[in-house]
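Can you keep this structure in mind? I'll have questions shortly.
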Amino acid sequence: MIAHAPILAIVVPLFAGFLTPVVSIVAKRFGVERARDWFVMGAAILMLLIVASMAPAVWRGEVLVYKLGGWSPPWGIVLAVDGLNLLVALIIASVVSLIAIYSVVYMERDSGLEKYYTLLMLVTAGCMGVTLTGDVFNLFVFFEIMSISSYALVAFRRNWDSVEAGIKYMIIGSLGTSFILLSITLMYGLVGSLNIADLAGKIEAIKATQPLPMIVPLMLTLFVVGFGIKIAMVPLHAWLPDAYQAAPSAVSALLSGATTTVGVYAMLRVSYMLFGALAIGTMFIILGLVTMVVGGLMALTQRDLKRLLAYSSISQMGYILLGVGFGTAMGIQGGLFHLLNNAIYKVLLFMCAGAIVYRVGTSNLDELGGLGKNMPITATLFIVGALAISGVPPFNGFASKWTIYVAGMEAGQPICTAIAVVMSALTLAYFLKAINSMFLGQQPEHLREVREAPLPMLFPMLVLAVFCVVLGILPSLGMDLVRPAQGAVMNQLGYIGSVMGAG
Amino acid sequence: MSLNYIIAMLLFTLGIYCLLIKRNIVKMVIGLGVLTNGLHLFLISLGYREGGIAPILAGKMLENGATAEFAAAAVDPIPQALVLTSIVINVCTMALALSLAIYIYRHYGTLNPFKIRRLRG
Amino acid sequence: MAGMTVIVRTIGRLLFPFLFLFGAYIIVHGQLTPGGGFQGGVVLASAVILLLLAYGMEGAQAKVNALQAELADALGGMILVWMGLMGIIVGIAFFQNVLPFGSLGQVLSAGNLPVFNLGVGIKVAASILMVFYAMLRIQGGKEE
Amino acid sequence: MRQAVALILVLAVGALLIFTVNAYLLPFGRFPERRIGGFENESVGKRILEDAPITTGSANVVTSVVWDYRGYDTLGESTILFTAVCGVAMLFRVARRRS
């Protein structure tokens, strides 16, 4: 079965998605509605195990190539798993498993839960498909699965805010995916192939012609705009705060932990693999700085917890782009490590916000206060997450941000490093403000009776907080996780060779 | 310069223009449709060859087993397959977008995206 | 939905079997002629939607009700999934052809392809019907 | 004002696209040809046209691409259909709040 692991990692959530409506009908008939939740949870954990089973081979430096339908690389679709894919797949599978556990209690007051779980599994299948595929059109198809199900999930509660956020996200997101499709079309017209490795080799040859054909930077721009919408790079970020604020917190956590990670992955894979030698580093540095600064400044003025987290999410994307943009081994390593850490503490923070919304019913900072006494565990976990995201030692955010700073100094970009340090301090400032107005200070009368969040919600939060601390104390552990991915980003020829050689 | 490419790209940009300028969500969704259809037209045009036949083995060629002759005459099948996929994706996006538009109208009583602004800051 | 005049109703009733047959033809001849599962499925769905327009919700639900559509959707999905998995079970690769090819140009040829077309035809017809039913449920701004 | 800016932006994008497409992609109606790089004989579509009737047994090459060479894409496509149906059904669900 190990040989089929790449396809099974996609097929398990996909089939779980197809089966969830059937399972919930059957479960309802037998009066055990919870069976549906257990089924989804089981599928997510099974997926995590399958992804983990690929790890030893990939960390040895192999590229796992799976030929769908038995067609050799350029003719059919292949799945190709190298270090980068594996890291992202691990992040997604873990995040989804934790969110499946968290949703059991958090979502129990909503109607239409079988649809929620179906869409959750389909988002997962889409993320996995984008992550593991080695074919650029297939990447687009699964990107659409991921996008369409996340549009639906954002609008899940159907109230005023969420339909507004849903339609905004949908229109902006669809524009982005059509840019991606246009770029894929141009590639097909240019070289007549759709396989990423094959395209990489051929575009490399085209780039060698003098002068550089204008179509190559055009395709790159279209890809960056398309994926940039998904990761909310700054001029394209308008949808994100609305979507994160209006969606249920579990969905906000999913979007910040899984879909943005996939967006970064797709951007890295496409830009470094297909357009490696162009000046993409400088472009990423500039975009990263702008994203970081604008996201941070906007977060300062927010009065809603989830909106604040959304803007800080934008700001963290800037760090990742900055680290990756330095282009050195250390910079890419720092950027990918930050990608991992961002998924961990961002999901943690959104889960804490969800716990507060679950108990109090609002995420407006003006209406909260003095909750530290009532919800001590949630408060502690939120503070852990907030310190981690602000880059305070000994938490994981510090380790990755430090790597990015060092990489920046080594790459001869002290100004970028200085801006990043300042923005990190700013992050601490607005998180302190949020902590102050939520957990400290005057407690309004109506919050006296608030109780601690239930255990099934606390458990995934605890797991994530433990990761925050462990990766902060032992940063080398995280570095070991990330190093194969960094090797994969920089090893274009190896990837082409392994995939094309598999035929 | 070929007319097919130009018109396809014009449709694409017309769709973008529609998305930027229209003040009605349904019209924006129509713009999205125009944009995608431009792309489909472009994709199909990429695989065309002068005087080509549809990539379906039929009639005399099928009886004679003339696959080599067929391969030299038929148009590219891959863009057609991609367009089939893309059309379905487009239909799905539209179905969901129009459903959301129905909900928007029920809540807000308007389809003007500039009036639908509860979330801000 | 109330339904329409007697002219529309009569023509709808007369056309329904032909549309259904045409849809089935497109699906079954997917590997021989232009068309296939998606296109045929849409034609099948349009046959039922014609009834829906002519006779209203009840007329269409008498042929295919919402639960049947949901089950057909699941059935179509399962056919695709199982044909895909057959490749793994037989021991080659996901989506690999496992059935014999037959002779080129016959209705029963091309291995897995007719089965896939059949599955996706059922699935598309059911899905499009479900979208229509779901949207009609809140017709007039009021939930049923 | 907004209209003018949008119009100029769109015209610029359109002109860029039309120029690039005509300058670098294959000339219309010359399918296996490629303008730069000389990948004419490596075009995937060309090879599939030659092989498909034999390797998949289907007379309709588009169907054999849709369901065999790129069958996995089509599985994704039907998943999208399922997703959209699920999303629409989710939006129009009858709310039955638990007490």
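Read from first to last, the chains carry the letters A, B, C and D; within each, the first residue is number 1.
Criterion: contacts are C-beta pairs under 8 Å (C-beta built on N, C-alpha and C of every residue); 3 or more make two chains touch, one makes a residue touch a chain.
Predicted model only: the values in this text are computed from it and were never measured.
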Chain whose Cα centroid lies at the greatest distance from that of chain B: A
A-C compared against B-D, more contacting pairs: B-D
Between chain A and chain C, centroid-to-centroid distance (C-alpha), Å: 36
Chain B and chain D, separation of their C-alpha mean positions in angstrom: 8
CA centroid of chain C to CA centroid of chain D, Å: 23
Shared interface positions of chain A, touching two or more other chains: 14, 18, 21, 68-69, 137, 141, 144, 148, 151-152, 155, 158, 189, 194
Chain B, residues touching no fewer than two other chains: 12, 16, 42, 46, 56-58, 62, 78-79, 84-85, 88-89, 92-93, 95-96, 99-100, 102-103
Where chain D touches two or more other chains at once, by residue number: 17, 21, 25-26, 32, 43-46, 48, 53, 59-60, 62, 64, 66, 68-78, 80-85, 87-89, 91-92, 95
Touch-based graph of the chains, sorted into line, ring, star, complete or other: complete
Residue ranges of chain D touching chain B (in the complex, touch as defined): 2-3, 6-7, 9-11, 13-14, 17-18, 21-22, 25-32, 43-46, 48-50, 52-54, 59-62, 64-66, 69-70, 73-74, 76-78, 80-81, 83-85, 87-88, 91-92
Interface residues, chain A side, partner chain D - complex: 14, 17-18, 21, 68-69, 71, 74-77, 108-109, 111-112, 115-116, 118-119, 122, 125, 129, 137-138, 141-142, 144-145, 148-149, 151-152, 155-156, 158, 186, 189-194, 202, 205-206, 209, 213-215, 218
Residues on chain B engaged by chain A in the complex (per definition of touch): 12, 15-16, 19, 25, 28-29, 32, 35-36, 39, 42-43, 46, 78-79, 82, 85-86, 89, 92-93, 96-97, 100-101, 103-104, 107-108, 113, 116-119, 121
Chain C partner contacts - residues on chain B that touch it in the complex: 54, 56-58, 62, 65, 84, 88, 95, 98-99, 102, 106
Residues on chain A engaged by chain B in the complex (per definition of touch): 137, 141, 144, 148, 151-152, 155, 158-161, 163-168, 170-171, 174-175, 178, 181-182, 185, 188-189, 194, 241-242, 245-246, 301-304, 307
